[in-house]
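As structure tokens, the structure follows; a few thoughts come after it.
Should a chain be cited, it is by its letter among A, B, C and D, assigned in written order, with residues numbered from 1 in that chain.
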């Protein structure tokens, strides 16, 4: 597959070369002040991206999965109740993780393509009189279906039920690409990784904990060492780390945060929205429907597009890779073969997106779908023509 | 301007990252065998790209302009006659260089957009009974107009006139992207640079000399030191160089030659042809004419597209850069403001080209040209759909 | 601190630039065959480094600490007995991890500077008639003290006791730098990381499991998800990974394994021994003693040097960093302030080591220690003079 | 040869990785403002390094040899008189270049190891009543012998003779490493390259012209195009370049100038002096003499060390490369086999220098010279101990 073409998998994303160069550091002594000069700007910058004044930030040498596990094991004890909805592959995996750790998960089965049911959450929380539920889990952006959920509504459900459960949010494919409001939404644990909105290689789990979550960590009985945030906090307090830190990746994160700040977080979100909207208009021009059930659910980082009955959507991904050297995402789990996914997060320009849409069109025509060459591209172009300059400049 | 987008200037070209990494070498001792292990594969590989068995290859730390000057000063003496046609900016510059060196240039003025007039060359050569003309200059590919000339025809003209003049070819924007036959065409000096078909940074002038040109160098009286191929040949014979060599760039060239060999030279030329043909079909779909006067002249590395009377073609380039972060080429010299140029040489995929065409369309619509969004892209897609895989894979 | 100077901390080690460049990859689709082409050579190469025919290799996006936790949680259940000796900071940490996971640790307190007491292990194992001890933990190379332990002796103890406990070895600072014999020693779980002998950035936990350990993983009740080797094995079987893999680092590991193979594992070990022996002779020339109690315990990857009573060894490290831009290791835990450490593992040449010894001498003289400038360097030179060429060449 | 070890050839020098990364740029449009943002800081920074207010700076895609040729051809006409002394290989080459260009060179033969004879220059200039001598050539630092000449004295000679000749200075191995005063010394053309004090790859000829030299360029009749500073000046005035510029190398130069400014030019010179003095003390400790005849001539960028009669100094260089993977410089021309050279310019720390001295000692002992291991290192250490911190920090 060509390394010249951009990728359109929903993460890891296209990485600006300048970020990769920042990651590519010679060895430093991680017990020297050089490390502190990398660590602290990372912690501050992530807090800023979360729109939080007080979140406790932890950066672990792991992936988003490790971040989820850190959120659970640092705050909960075996047998604790957890409330979660399953509306895609990633919410499914989180539920599975809870079960492996002996948590008592109340699963709300939800159609793949629907958002998280805040009303059902409220109902269940209200009925949980003795507060057996210790944590509510929410996937902000279901990468499998391209569905964005309403975290504020879940917070409102908790508040309406006057329920003390912690609110955990999987923001792996939303944070740094879509608006995220840790403080305003009353999030207790937010989890993401380096390889999505931060435009870096995989290898960092990035998490934010509220004071309440920090307090919970003191009595949490699930075992952990590598992912223990107490050790991590103690290290940070001494400009250190509990073990060898991935200082190169963290140095990249430091620069990524500078880039996001330079572009302006709201401009970053606007750019993601504009590029995503172009993709959606292209899909409409192709006569295809989205997996996401309604416009309020449309994700600005990934679009899952349904193909006609009887057509194997995975063929699009395979042919794009083999014939045109371009990577898209396959459907996962329940929607395997029914959707293909176009990732459009991280470091991306309108021009790059046009190449993705152009290739997708060629592939669909090759495979006999009733799609007109240039149609989706034109729909996106018409949208992109109105307002590209601001964001383009910022991606330099 | 975005560094994420590909560039569509007709050189320097998009550089595969792996080549840039090969250039980025720590310091070696250039008097050690490490240097010879870089130098000799370069010399052999360039010879292969020129399709020559016997050309003497020289790699100078200069640009194409330095390469031209090396060709002249190493073979000619003040007052020598030179035959050249002017059909674009680069042929113009070569004529100017000859004049600065006190050569007696017979200039055949030729329309910009036309090819080199082999018939006029033949006429002039036949009338040059006492062989005052020592060299015939030909620009293989006029980067300013997107016109490819017929070197074999010029060789035939020389042969028909039974004229002993040396045949010099500027292959800066053709070699390694379009077919070039040093031996078959009886070329005496071929000149190119690192930053076009070789997909490297500028900084290497790459030249091939025939035995006849080598012989001429022994009596050539034009002064030179930095560009002296005698010093260079002596250095090479000892695995060395007459001064500090640009070993990093040369290490990149070594890998570039491997990549060209791996893809297969003919596949490289086919890929350039396919991508170029897509661009030409897009231009036709836009209702625009090419600067090149007829299909036999169409260049496979750069297309100069005429815009309607009264429209400033340079505005397209300016707006593409400022609003969409993408670089195209302006018209130069006689065709300034009348054409804009799309470079499509070096490391390029169909997908990348679609992004260039997509942006060009948006810009033209923005500027009020009567162009339909998606029309050029669709024309290119239709062409690209039939046969991309072979070359795509090779560009990895 | 200078980034030009080599580092002499006992890991992360000096990284060959070519390895860092291999890590610095553009994004690939980790669900494509491109990933399998990175993964499988890594698994095979690590197995080779472990000198095993059958070990099951797992490469996790974590550090050595994560690797230890993976070894424990994938094989043991809460309350299981574990036998371990504490003879330094890293064996201490492993014991602490076991306790956090609710394992019943039998700790053999051992002087810092001594090796692991195989005889006491044997005694305890023999007395453990009902086989409550499920795992025996051994730190092959105590990075804190520069002490190498005898794994074969521990295996012999297990065999003498006819005890079925699993044998776990922390090889973080030994594997790929010192001889390691997974099969011959009957190791059940070996753990290392990317940032030591493999000369890469931190970020990969690399572990090998025996068939017996794999079998244990089926009934192990300690909870885990991120570090679950069952998920990992299932991913590998499909050329995949249970989540986003750190493909860049793994691509670096693939090249690192090639480099180790090219140099020859035994040559790598010889080089480490030679460089280490030079350091030890320098220490003797300075009149200083090693932390390691006897020559059979001397580590070839790190040397901990005792300073005279009343002198704060940490001052050496601080001054070397501040005044000469060079990083050495401080004493940890019980030997804090009593020793300083010189790391000499990974990518290192005799010449680099001389610069480290030269700086250490200057620092010690600056601080008033009774050391003669040039004395340690001369002792090392005398040793290095006899046999450098083979390994030097291989480190290119 | 090891790429891990520093090099001690007198250029190209050890390159800070951060500079190489700055050179390694993706393609930009060199006709866009992005290029001007690289070019102008380079011109200003070089002027600052030359300690000039008014020098016209030109940066050509060539090497120092090309820079010399640019100085000559842009200011002189065939038959012009030139005064030059030959005291080493590089002054020899400059004289040869003048002769190839048909200049009338008055050569003052000078012992290799001596400085330029300002008194003889004065004598000759005084006797040149009709001012046939148009230029006086001076090699500031003879890289072949490690001899620094006194430019101010040559200026004084010109002034004493009231002679209008231009003063040309080859500062290839001095500028940016040793004090250079363009304005104060009344230099008319200064020439250097990217690969020495600027710590970059070879590929840029960097020259400064006085107003007087600029005026001379208008009537200079030596032919040139590639190296024509008139074209260059016209390009710069439009933020452009007369042909494709080596923007990557220039981007590296821009950063190099920032690094020199950050360290402080005088600190850079002090650091070079300190490191050089350590090397000289080492040579004294070895009982060896320098090629430079007296302390006032000692170069701070390269030291040429004489070996005893009957010993082939080149063997040292060969053995260091083959057995220890380290590069030193051989003797050239008249002193071939009689001296070996240690380069100590550009990016270098005391610690790196100690490794070079340490290896040199091992090699000399290996080859049977009467040298004591550690002796030279100790002499350098003693000197380096007093004052390293300031400069070390700056080289980070």
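One rule holds for everything that comes next: a residue touches a chain if its C-beta (ideal position, glycine included) is under 8 Å from a C-beta of that chain, and two chains touch if they have at least 3 such contacts.
Keep in mind it's a predicted model, so treat the numbers as computed, not measured.
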item: Third chains touching both chain D and chain B; value: A, C
item: B-C against A-C, pair bridged by the larger set of C-beta contacts; value: A-C
item: Farthest-lying chain, centroid of Cα atoms versus that of chain D; value: A
item: Inter-chain centre distance, chain B versus chain C - centres from mean C-alpha coordinates, in Å; value: 54
item: Gap in Å, rounded to a whole number, between the CA centres of chain D and chain C; value: 46
item: Distance between chain centroids, defined by C-alpha means - chain A, chain C (Å); value: 35
item: Per-residue multi-chain contacts in chain A, two or more chains; value: 1, 3, 14, 17, 21, 24, 26
item: Footprint of chain D on chain C - complex, ascending; value: 1-6, 14, 16-18, 322-326, 347-352, 354-356, 358-359, 361-362, 365-366, 372-375, 377-379, 381-382, 384-385, 388-389, 392-393, 395-396
item: Complex interface listing, chain B residues touching chain C; value: 17, 21, 24, 26
item: Interface residues, chain C side, partner chain A - complex; value: 1, 3, 7, 9, 11-15, 20-21, 23-32, 34, 61-66, 68-69, 96-97, 100-102, 193, 195, 201-203, 222-228, 242-249, 321, 327, 329-330
